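Next come two complexes built around chain A: one with chain B, the other with chain C.
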Partner chain A sequence: MTAQTVQQGDLVTVIGLEVHVQLETDTKIFCGCSTERTDEPNENVCPVCLGLPGALPVLNEAAVEAAVKIGKAIDADIPEETRFHRKNYYYPDLPKNFQITQYDEPICADGELEISVEGDRRTVTVERAHLEEDPGSLQHVGGGGGIDSAEYTLVDYNRAGTPLMEIVTAPDFRSPAEVRAFLAELEEVLEYLGVFDAERDGSLRIDANLSIIPAEEIDGEDTAEIGAEALAAANRTEVKNISSHKGAQKALAYEETRQKNAIQRGRAVEQETRHWDESRGITVSMRSKEEEKDYRYFEEADLPPLRVSGWKEEIAIPELPTARRERFEDEYGLSDEAASKLTSTKQVADFYEDVAGEYDPDLAATWVADNLLGELNYRDMEITAIEGRLEEVTRLVELVATDEITAKNARETVLRSMLDDGRTPDEVVAEEGLGKTGEDEVKRAVVEAVEENPDAVADYESGDDGAINFLVGQVMQKTGGSADPGDVNQLLRAELED
Partner chain B sequence: MSDDAVSAEEVRHVAELARVGLTDEEVDQFTRQFADVLEYFETLDEVPEVEREADLTNVMRPDEERDSLDREEALRNAPETEDGYFKGPNVS
Partner chain C sequence: MSENVFITEERIEGDDDGPLAGRTVAVKDNISTAGVRTTCGSRMLEEYVPPYDATVVSRLKDAGATIVGKTNMDEFGMGSTTETSSFGPTDNPAAPGRVPGGSSGGSAAAVAAGEADLALGSDTGGSIRCPAAFCGVVGIKPTYGLVSRYGLVAYGNSLEQIGPFANSVEDAAQLLDVIAGDDEHDATTREPPRGSDGRTGDARETREPQLENGASYADAATGDVDGLQIGVPTELLEGADEGVVETFWDAIADLEDRGAEYHEVSLPSVEHAVEAYYVIAMSEASSNLARFDGVRYGHDADAEGNWNETFAQAREEGFGDEVKRRILLGTYALSAGYHDKYYKKAQDARAWVKQDFDEALEEADVLASPTMPVPPFERGKSLEDPLQMYLADANTVPVNLADLPAISVPAGETDGLPVGLQLVGPAFGEERLIRAASALE
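Let's look at the complex of A and B:
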């Protein structure tokens, strides 16, 4: 945590998160139904995930492996023994009227994740992470579609039983920007581990607790240590329905301002649950009956306890983004910024290493981090969209590295045409005549330019060095832009020396 | 078992959690019945100690797909359905 000087009357924002991530397994957590998305409701359901009487859950080994990988990645303890509980509540998205989850013995405890916020590195504590099943999905139909005015409810249990990991942080965040940085880093780590697909709808769901505390409640100058009493004394709101790291930053910035305004006007902040309305960009009170939550947790006797602490040693995980970023800086001599861009997803990092293995690492970095990602980003595309065409990008880098085309043409014409028209680099080069103009042709153009522009030559000879630029322009025009401007400059000067 | 094993308040609370509406008469009735049920459970205290079965741990299955139910079958017990969905009253 960065030390910040705080003054009397200052307010400090305190945020903690509960992040639900959907684990990428082929089947559900307690039955063999597929987790594949389908538009047909109630297609991937069976007696277990429908909660039919007598059905017995059996734990999916892949979900446990994914949980252990996450634990390992965030340096959490995997306790000797961990078990499941039933969390009881009645809502139609839960066919059994209870959710199988973990309570007092979660599979991961006391982990941490390092993040970078505006150049500062800091560590966020992950208090616990546990396995649970996803509920089904509801549609509120009729009466304008709102949840309160709906005429009836349609229920689809395809999603019920999808494995989730709930990751709970300490109240370590002091700004919405920090929350966003954490979620982006978490997504990156989970994708590296291969246990998560960010593109999948609903794969990330966030509940955030936010409270505002008077700065004088903080001991000393370090804002990291917030007294438990001060935290308990402040009313907090729980903001639900956040589904992306961008959304989290927006929702929490709104909520932060709302609470600060209330406090500055001398009004109390209600302790309540609020719903993030993404389309309107505001949080709305859920007006829930503020009845004390009573989930009557009890042990799930159908699932024997797990003893998997040894798996932490046995299961290998890949090099994680932070480690890879540091290695890229050391091994390839990249800047922090370039290394960060190049490790933003595993696919990008893997591709960079392929290219850097064959060509100059700096050239490879420019091509992957700036040109390729830049053009993809401009088109709202991810590298996964051109997964099958990465060899073509490598070929383009080769054309530049071997001086067959200019960097400018490669970037502005070939790469763009590859993405927009689906042509291969060699097709674009041939069809657009972009092959670097032969030396003879450039020399001829230089001689012509000198002959045709006696005024510019005279200016140059009388000491106006800027006149050379005009002549370079003439040569570039004659060669259709395919000559290298630096080479042309050299050739012109040599010609004029004679 | 004494009469105050379960209070009317507790019955109302449990009914609320289970989304069940009870009349005052039903609350009285369930208060008595809950107490009776709990009394039956106390009989278990009289069961003599027996050897426990060996503890099971790490019972898991491989991540392999198994056939789901036909949708028709899955929806068969539902009082109301619509377009392949279970249909129920408005909830909030």
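Let's look at the complex of A and C:
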């Protein structure tokens, strides 16, 4: 928790999240249909996920396994057995007009996730995380483009039955930046667990509740200690349609400002649901004076309770980002910043460890964290984009480590050209003639430079150390820039000492 | 045909050989048949043709049976007379002018009229046993979990099972042999217990084999009741028609003559069973029937307006009065503020009923009662008073609440009208019921 002190008149932002995460399983949660994305609507469907009369759900244990992994990663309580409920509501994307979900006994309860915000470490409470089925997706055609204004609406059930995990946090966030940090950390953990694919469209969907509370309503000085009463007294808005961490920060910053402005101008904040319009960068009111929804939850008798008491021990999870970051600092002597960068995704961290296993860990860190990620970031690429070419990057590091090319050429010419034209490092080196000039050739150039520039040599001998730079320049010119300036410097000094 | 037994007459041939080769089977119209419409007796599904077979239908085909048609039923199984069908009522072949019972009235009537050798029905609160009793045939409601429900259009999914009708106990048992058993498409099914003779307890917790290896339910129809302990729950005789009670005791006397013994037992909780049953069944129905919105299949109202209005219109036009009544009451019982008062209380009562049965079955091998407290109603009478119709289920619904197996077997007649005797056994004790019931033939 942050322990900021607050002043009278201050307004404190309070945010809680409901995050829907699509779990990466081969088949849907209650039938054998593929979860593979396809452009053909209603291709991966069967009687079960279409909700045909008489069809029955059968639980995909891979989804439960993924949920248990998440539970272990966030140190949540996992019950002896897990059961499902029906959430009853009508909507055109919902095949059965009820959703199979979990109610009073979620698969994960009372977990936590540690995040880092501007160097501060904080712990966010995850109140619960439960399994449920994704509805289908709607495409509104013509008219106003919304469900009530379109000419007609098409339904695609390919998505229906994709396993979802709904992760509900306590109202622990005090700023949109904290929300973003949490979502980034969460995504990282989920990817480490191998239960989530961030690049899948719609794989992460966020609803956020935001309220503004006057500082004087807060017990004590710690903003973390907001009483339930103060929270209940404040009107909150639920912001829907957020689909990324960046989006979450923007949407909530907008909403925070909108509510604070209203309060400062003496206007009431309405309790309502608002829609984040990503393209316009604003939230718009969806429904105000929201009625308390009654979902008439009751037990899903078609799915007998599943005993999972032993699963927590049986299912192993990999080393998580925080632990790995700490180990990188200890084992490879990396800075916190470098270790953080290198553990940002499992793939980056795995690659770093491959390279650091063969070459100097510091050199590996510079190459992976700074050079590779820097160049990728500049091109708006992820490491996944060059998944099949990581060996080429390793080869490039080898060329540098074995002194075959200069670090400067490796970074500025070879790496960029690899990413831009798809050439291999050896091709670039050969085609651009970047191989480091042989030692004899450099030595010859040094001797020549000394002979051809008696004035500079005299200046150096009379104590003008700057003259060496002129001589280094001459040698570089003779070798077409392929010599290492440090080496040249040393060779020159040795030559002049003789 | 005069009785209006079938909604759709269609021959579906099974494999060339198998235990049911050469036998004809009528299938209740809430059991999905690929390529043959499955209406549930409702206008809502008048044109619905399933793209898949229910597990029991696949098993019938594999066993060589010939399906001869889809039988009439109360709409979505909601009724005890087959009069709530939107395809008109079915007459009782054993008592013309009277209802065949329900909701599987068409299936019972098909067997009684000789339209089919065998039939499948479904039983949520008595929907196999009631028409079996009224039409003078044998009907079995299996233990919850013995027969796959995959493809059975759900009404009260925690209560119902598919089961057989036949003119003899042995034939019904043979059909049960074909349809019983674990199914990967229904997570509530259990492997058919093979081994001893049944055991008390919660069906859903019982996994012990009960039938001997290789033995079949049909083999159990030996008529041997020597030493059988019959418990007669006094509560299930109270308020029953005099002629029905007399016929019942005559049947018990027959069993005594063949070596069985009876004693009275008490099931105090059953006085709440009808209320509990209707709250649970209607609650589940309100959710199970929510999918009928006209979007993917079923009645399309072709309405103007937004999706909400279109859904409402499809449901207004597609469902009959009894279905609407039960959806409304079920929705109410699950609603915030009423959930604890109705739904939760009904679940508590269900647990109590189960416990009473378990206790009674510790001192008896089977429990016996009249299947229905009354002989078949005259046609057209019952729709006027739904509550009276619900109360007629008093002897059958407790069995569904307890997840137990039961059989209805003809016990004789009163005033020329069929009377059925119901035997209830422990979870997966079908073999015991079949043996005892066959003694009455």
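Everything below uses one rule, namely that the second predicted complex is superposed on the first by the 472 of 498 C-alpha atoms of A that agree within 3 Å, B and C clash if a C-alpha of one lies under 4 Å from a C-alpha of the other, contacts with A are read in each partner's own complex, and residues count from 1 in each chain.
As a working rule, a residue touches a chain if its C-beta (ideal position, glycine included) is under 8 Å from a C-beta of that chain, and two chains touch if they have at least 3 such contacts.
Note that this is a predicted model, so its numbers are computed, not measured.
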Chain A as common anchor, with chain B and chain C clashing or fitting: clash
Chain B versus chain C as contact partner of A:98, first or second or both or neither: second
Partner chain(s) touched by A:26 [first = chain B, second = chain C, both, neither]: first
Which of chain B and chain C A:298 touches, first, second, both or neither: second
Partner chain(s) touched by A:170 [first = chain B, second = chain C, both, neither]: neither
First (chain B), second (chain C), both or neither touched by A:253: neither
First, second, both or neither for A:151, with chain B first and chain C second: first
First (chain B), second (chain C), both or neither touched by A:56: second
Chain B versus chain C as contact partner of A:44, first or second or both or neither: first
Contacts of A:198 with chain B and chain C, given as first, second, both or neither: neither
Chain B versus chain C, judged by how many residues of chain A each one touches: B
Chain A residues contacted in one complex by chain B, in the other by chain C: 47, 50, 58-59, 88, 90, 92, 97, 147-148, 153, 155, 294, 296, 303-304
Contact footprint of chain C on chain A as seen in their complex: 47, 50-59, 86, 88, 90, 92, 95-98, 147-148, 153, 155, 292, 294, 296-299, 301-304
Of all residues in chain A, those that touch chain B in their complex: 25-27, 31-34, 40-47, 50, 58-64, 81, 88-92, 97, 138-140, 143, 147-148, 150-157, 291, 294, 296, 303-308
Interface residues, chain C side, partner chain A - complex: 30-32, 38, 40, 45, 48, 50-52, 54, 149-154, 157-158, 184-188, 204, 283-284, 286-287, 290-293, 295-297, 306-308, 311, 331, 334-336, 339, 343
Residues on chain B engaged by chain A in the complex (per definition of touch): 13, 16-19, 55-69, 71, 74-75, 82-92
